[in-house]
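Below are two complexes that have subunit A in common, paired first with subunit B and then with subunit C.
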Partner chain A sequence: MVRIKHRYLLVNILYPDTKSSHLRPASKPGDDVPYTVQFRRPSPDQVNGGLLMRLIRDGVVELFGDYGSGKIAGSLQVKYFSPATSTATIRVSREHYRLVWAALTFTTRLPRPVDQPCVIQVVRVSGTIRKAEEEAIRRAGLSIRRAEAAAKSSNVSGVATASATPLAVAEGDDDVDMFNGIEDRDEPGDVDDDDDG
Partner chain B sequence: MFYDLNIPYSANDTHLPRTLAFVSELGYNVVALNHSIVGKLPAQITCAIPDPLHLKDLPPKLSIRRRVTLTLTESHQNARLAELAHAYDLLALRPIDERTLQLACSSLDCDIISLDLTQRLPFYFRFKMLSEAVKSGKRFELCYSQGVLGDSAARRNLIGNASQLIRASRGRGLIVSSEAKAAVGCRGPWDAINLAMIWGLPQEWGFEAMSKEPRGVVVTAQLRRTSYRGVIDVVYGGVKPAPVEKELQDAGAGKGKGRQQAANGQKRKAVEDVEGGAEARVEVAEKPISKREAKRRKHQARLSGVDQNGGTTKVKGDSLSTKGDGERRGRRAEGRGLATFGGSRMNDRLVSYRH
Partner chain C sequence: MAPPCPPPPPNTKKRKDAPTNSQVHPPKRHKPTDHRQKTRDARTLSTQTSNKAFQNGELDISSFVKSRAYEIRALEDGMARSKKALNRRAFQQVPKELRRRTASHNVKRVPKRLRERGKREMADDNTPTVTARRRKPTAHMRLRLETVKKLRAMGAKRKAAKDSVKVTVTDLNAPPSEPTVSTTTQKPTKSITAPIKARTPKVKRSILATPPLPKAKFRKRQVHKSWLPTHLFHAKRARMTPPSAPLWRFSIPVTPTAKSYRPTHRASHERGAVAWDMSFVSTVQLEGREGSLVGVLRGLRIGEENLVGRKGDKWREGRRVLEGFVYEREPPHHAIAPATMIWCVAPRDESASPQEKEKRKRKLLLRVHPSAFFQLWEELLRLAKVAKPAVSVEDLRFEIGSMEVTGPGATEALLGALWPSGPAPESLADSDTTATAIEIDGPPEKETVVEETWSALAGLTNPAMLPQNALLAFNVQDPRLHHPPRTIKLPRTDAEQHRLLELVASWPVDAAQKAPELFERKLRQAASARMPSQKAINRRKGLAAPGLYPEVSPKDPQIPVLLYTTSSPANTTGASGKSSPNSGSWTLLAPWKCIQPLWYSLMYYPLSTGQQPRFGGLDQYRQLRFEAGKPWFPGDFPGTKAGWEWECLERRRREGEWRKRPRGKRVNYERVEVGEGRRGEVGVGWGCDWERLLGGPPVVDGGDEGAMEVEKDGESRDKPAETEKESEKDKEAPEQAPPPKPPHLTQLPARQALAFLASPSTTKLPPHVHLASALITVHLTLLTRGVPQPCARIFRLPSATRHPDLRRQWLALLPSNNHPSQKRSGHKGPKHALPRLPKQGDLPSHLVHQRLAQALLEPARAGEEGYPECPGEEDLVGFVTTGNYDLGAGQGTGLGSLLVERVMGREEEGMGRVCIVRNSGTGVGRLGRWGVI
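The block that comes next holds the complex of A and B.
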């Protein structure tokens, strides 16, 4: 029997606005937090997998109507959501993942109980959940390193901005840019060890 | 390198650092701040965007260009278009109807043609018109932010117009940018490429529309402003050498037609021209071996080289030393080719053993 092929979208939820940042470091006023930390702040507690599902379904219905909604309904699943890093892994069937991706792109606010402006960025499209997980771990580490670098440079900024900033950024920033594509190729060796759908 | 060539700029926008930081966070490397002009041009054309932006917390890796978008209402402004273009890094035109679009495509000199795709356009795009513009180096802009933030009608129009534009331009000469008035309107580069794909642009071309095409626009615009006739630019002019060869200059004064050196960012001048002419002459003096003759000599050199059992073949005289070099290099390459051939054969054998 032919296996049903899926795509796993690794998404980041970014919060571009300064308002209602409920988790603010107690020691500092909000403006001093570096931008990269502000954008990648933890999600509110009400955000969970169910809310993400609702968001995607509503988005797809809005953009593609009943047709698109029906096409993705069978395979859509939120596999993983971490409020701490605002990262989620979403599973869709391979034929229709672009519908879900477009719906995510057109999202501007989290739905009702949270109601907060957000930007959802797809950072990886993967054929297996393992690759998506590895990428999520790598990116989490990277964002921590960037935050540290930004904090360091903002501390130093009064004294020597010019020398501190490029150094701090140059450390581990280069491997985050996905210039050559963010999609995995289908490899014959890949085994999708998830067949409950 | 990803480009976003349309971030609206206004002087009293307090969110601009945040927007720029967000754009950088999303993965863009170059952005253009956009100043829009609607209606008449001001009497004194100056750049509305300060050159080093006086903002703190600018992302260090983001390079920022300045762009102006002029809404074309009537056509008698084009006399001052060049002046406007020189005040900014990029010049975009926004036609509002078919006549001004025709004008922007054919006669007016600009870098980007940016249509307002959120309105219902009362005309069709024609390939002939668009290809004429693309051929002369202009690019068409698709701005997605209005579709993301705007209401349903704006989104509908945007999708319709975008697919029309993609169809009529056959996917070539497009750039995708955001035109996001706030950080919420920006999307990651790959998200935008996916959107363009939904609208009918193949993925590779969507990728080019985020990277290669806008780079072409930026570089061409820069060349057009700083270089000599848009062809040669001096990146580092170096220090000016002391004038020593007085008599050589006098000798070559007749040669007007030489290479065009734009040293020190200036246009061609008589002195440089003279130097170029003298150089060209020296080259001519060394050059007169024909292709066939060169081939023949090479062949001879090879034959003699074989006789001497490889190694260094000193070929006749200094004037041919470059040829000797080339020949030796060629032989080395041959040797390498043989070696790799042998290697591959060995691999073949290995493979066959493994089987």
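The block that comes next holds the complex of A and C.
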């Protein structure tokens, strides 16, 4: 069947600069928030789908000019954005998802009303929204376990949230570790089969 | 982006939907559901804001973990919801051929595997299902029911009164006991307890059979017609002939209700099977000495090589069937119909002297299409009277039914339905000692050779592989005992396949075959009478162990069946290059009353290739005949009486359809341009006007009624005052008597026609054949494009002397003439067009030039300026009786009839058998080639 083909980019927004964050670490002394948690902060509430769209469009215009902007204009859409976890799913036509990816990668600051340094990481490119969502679930489970492991290792008592997350159980614990600094299960030899745009 | 999803409001709608945003503002009552909004809602994921997730703007682990957990839940929920939004109701997933319109939502009517789901959905919806039993009758219905009740009570009373005074007829053997009990209340005048012996009815020969008396419930519907044994099956699933216009006094399925043109083609050629109930085909039995029977057949002008020659040896022994045209005995020997003839196997005892053998009576079955039955019947009676010693003729029309099965799965399906019964048990032999006149001879181990052969045919995909016109006769068990049928075991290994091939090659049935029991009236009736009731069958099935079939009981009926394959070799007649795989078909003859159970077992047989055999109607039968390039009787034989009647029927139907359309939207046959500036269709536009072809154009003031009709039709446009009269005329038009058949119009046999066409000067036609009105049946293939329709006119090429230019133009269209150098092998795209250019935009200029030159040399297409005009009426040679796009050949083909006189002698001109075909009511002629079939 002939149909319009899309790519769905699963995106994480990271805030490496702790100083400009709108959230401060927990006030209790000695309660050191682990680095994994600090690294994946929630986004400010002003960040929403519209802002992300603007960010991408501006980025593409800057990098690829009117050509790029025109190419992606028809298909670009933010399908999902959760400020609490800084996760987004962005849809773009299959032919031009690289333009969007490039614009995301070159972003260093969120635009005006937020105006905060950030790093945007494309963690998954998928042909269907379902696979992107599955990956998001997997990653959320992974980060939960990582946070719990970090909390346990620093002997922080009172974090009894493990029982509250029944959803993240099926995964093995082995993939908590990073692989060469990249938190991805993929084997290095893997070929991305939908990389045909 | 989307706001957090609120909890769903209390559900007021019928359907329990997934929580959607649209429910926050309940839609107005009569507003149709916005499906787009619904899917959008289903796909929106709920999200959490940071403020909510992280209280007091503090970043801590527990909030972090909770926010992730929330995300996971939201995503999973979203996935489930969007999947559900795409979901369809259970009854929407029913396969196409099982879909129904009324009560489609009723769980009891959806396939079993969907029933569980459907039940749940119905419960969710709170959909009420009403059964007929519990439905409150409407006011009108109530009145009818009350009448029925009253009538029933009255009937019961009358019956009781009648019974009390009835003379009781008892069998001699039965002990007289009860009859007096009922008469005790009456005065005992009728004390006739002395048994009256019921006389065995004498078989009436030479008398037309009457249809079996239908059940009282259905009797009023069968006054002027009869139902096929499978009428109820077909009436539910097919369009039948309208009650007011039965075909050949039968109610016949015309076409299945479901779309079936392509499925039928596929089932018959690639995978599956198609079956027809052919019980309407008439059967006649002749009985007498072999010499007399041969004499009768000779009177019907069956070929001498079959009657006495070696070619017909096996047929005369009763091991093959013969299909052939039968003709009238008296000159001019009009063709009657194609008939199938089957001899009963003669008992073989070597001791009998030749004189005894000569004296022995033999039987012969003649099967003929019902449209020609009466003509043949009269002819047979006449022949039987003059035969010496006498031949008795018996009409077996409602005693023997038949079906036909074709397709690669035909053999398999029949094997699943026909379970040979073992050798006759003792009890049956006992009860029929008086009845069976046939001797079961031969060594006992050879007795079951037919049954064994039949069972070993598993894996045969084309009955044409068997010896031509092979015949199998055996007894089968009641198929209802093995219902529902199960897929049979098919040969898988090479060795098994090889065994099948060996069997087909050796065909042991020829060596030993006992007389088919179907020829025995007593045995036929015994089988019909012994058929147990469905209730009894169900009880026996209930007693059987799970998964097993009920035990065979000696009281079971042994249904005598006769199976034969029919496949005429395509190459003998020299048909015009029709090289389709010649797939044979099985014809099954069985007692009339046994057809229905056999039919159900056949229809529900699960084929090994999936699905079940399809059933076909008359249209499907004609379609497959047409695709096989075989003429269909009576439609394709206008030279016969039955064919002429069919033509009149069709003409009237088409005319009715034509008249029904408004004047502006129908073809004006009077004014239509038919080439070379001439206007007006040749003859009537809605029929194959053979009268016109034979008689030539009418004189201007002529007495041709059809022409007058048309003239009036044309005039009335100018004179609106006449429209009243005209419309009256329109109404009465269909009721007028059909045009009489031209007296000399006749159909020439293919062989005679071929010989005559090959050398018209030397071959002598029989003196009685009126050459000017002898027709030949031909198969047409269009050489360029176009599809011939029924009623299309066939022209010969214009003569070289009178229209040399036109002739040259037409010959230039011949594909072999224009570009002999170009062999376009495997190029796609439109047929007979230039090869496609490569896709690149900038071609080298030489290619463009070459293309241009080719295009200039290419013959003109229809509608372009240089396309040749259609020849005039002086070159009209015949009409297309069946024409359509042939799915097998992938182009338009047709069957038609030509006047021999007009096409003979054109052979030596070297143009093969080229003709021009023009559809009725159009002006574009197409080049075609014809071949005698």
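The rule is short, and it goes like this: the second predicted complex is superposed on the first by the 145 of 197 C-alpha atoms of A that agree within 3 Å, B and C clash if a C-alpha of one lies under 4 Å from a C-alpha of the other, contacts with A are read in each partner's own complex, and residues count from 1 in each chain.
Just so we're on the same page, contacts are C-beta pairs under 8 Å (C-beta built on N, C-alpha and C of every residue); 3 or more make two chains touch, one makes a residue touch a chain.
Model, not experiment: these values are computed from the prediction.
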item	value
Broader residue contact with subunit A after superposition on the shared chain, subunit B or subunit C	C
Contacts of A:Pro44 with subunit B and subunit C, given as first, second, both or neither	second
Subunit B versus subunit C as contact partner of A:Ala102, first or second or both or neither	first
Touching partner for A:Lys71 - first (subunit B), second (subunit C), both, neither	neither
Contacts of A:Arg7 with subunit B and subunit C, given as first, second, both or neither	neither
First (subunit B), second (subunit C), both or neither touched by A:Arg91	neither
Partner chain in contact with A:Gln121 - subunit B first, subunit C second, else both or neither	first
Where subunit A meets both subunit C and subunit B, residue numbers	40, 165
Complex contact set, residues of subunit A against subunit B	14, 16-18, 35-36, 39-40, 98-99, 101-102, 104-106, 108, 117-119, 121-123, 165-166, 169, 173, 176-179, 181-182
Residues on subunit B engaged by subunit A in the complex (per definition of touch)	1-2, 17-18, 21-22, 25-27, 57, 59-61, 147-149, 155, 182-184, 186-188, 190-192, 194-195, 197-198, 207, 211
Residue ranges of subunit C in contact with subunit A within the complex	1, 45, 47-54, 57-62, 64-76, 78-79
Subunit A residues touching subunit C - in the complex, by the definition given at the top	21-27, 31, 33-34, 37-38, 40-45, 48-50, 78, 80-85, 87, 130, 133-134, 136-137, 140-141, 143-144, 147-148, 150-151, 156, 159-161, 164-165, 167-168
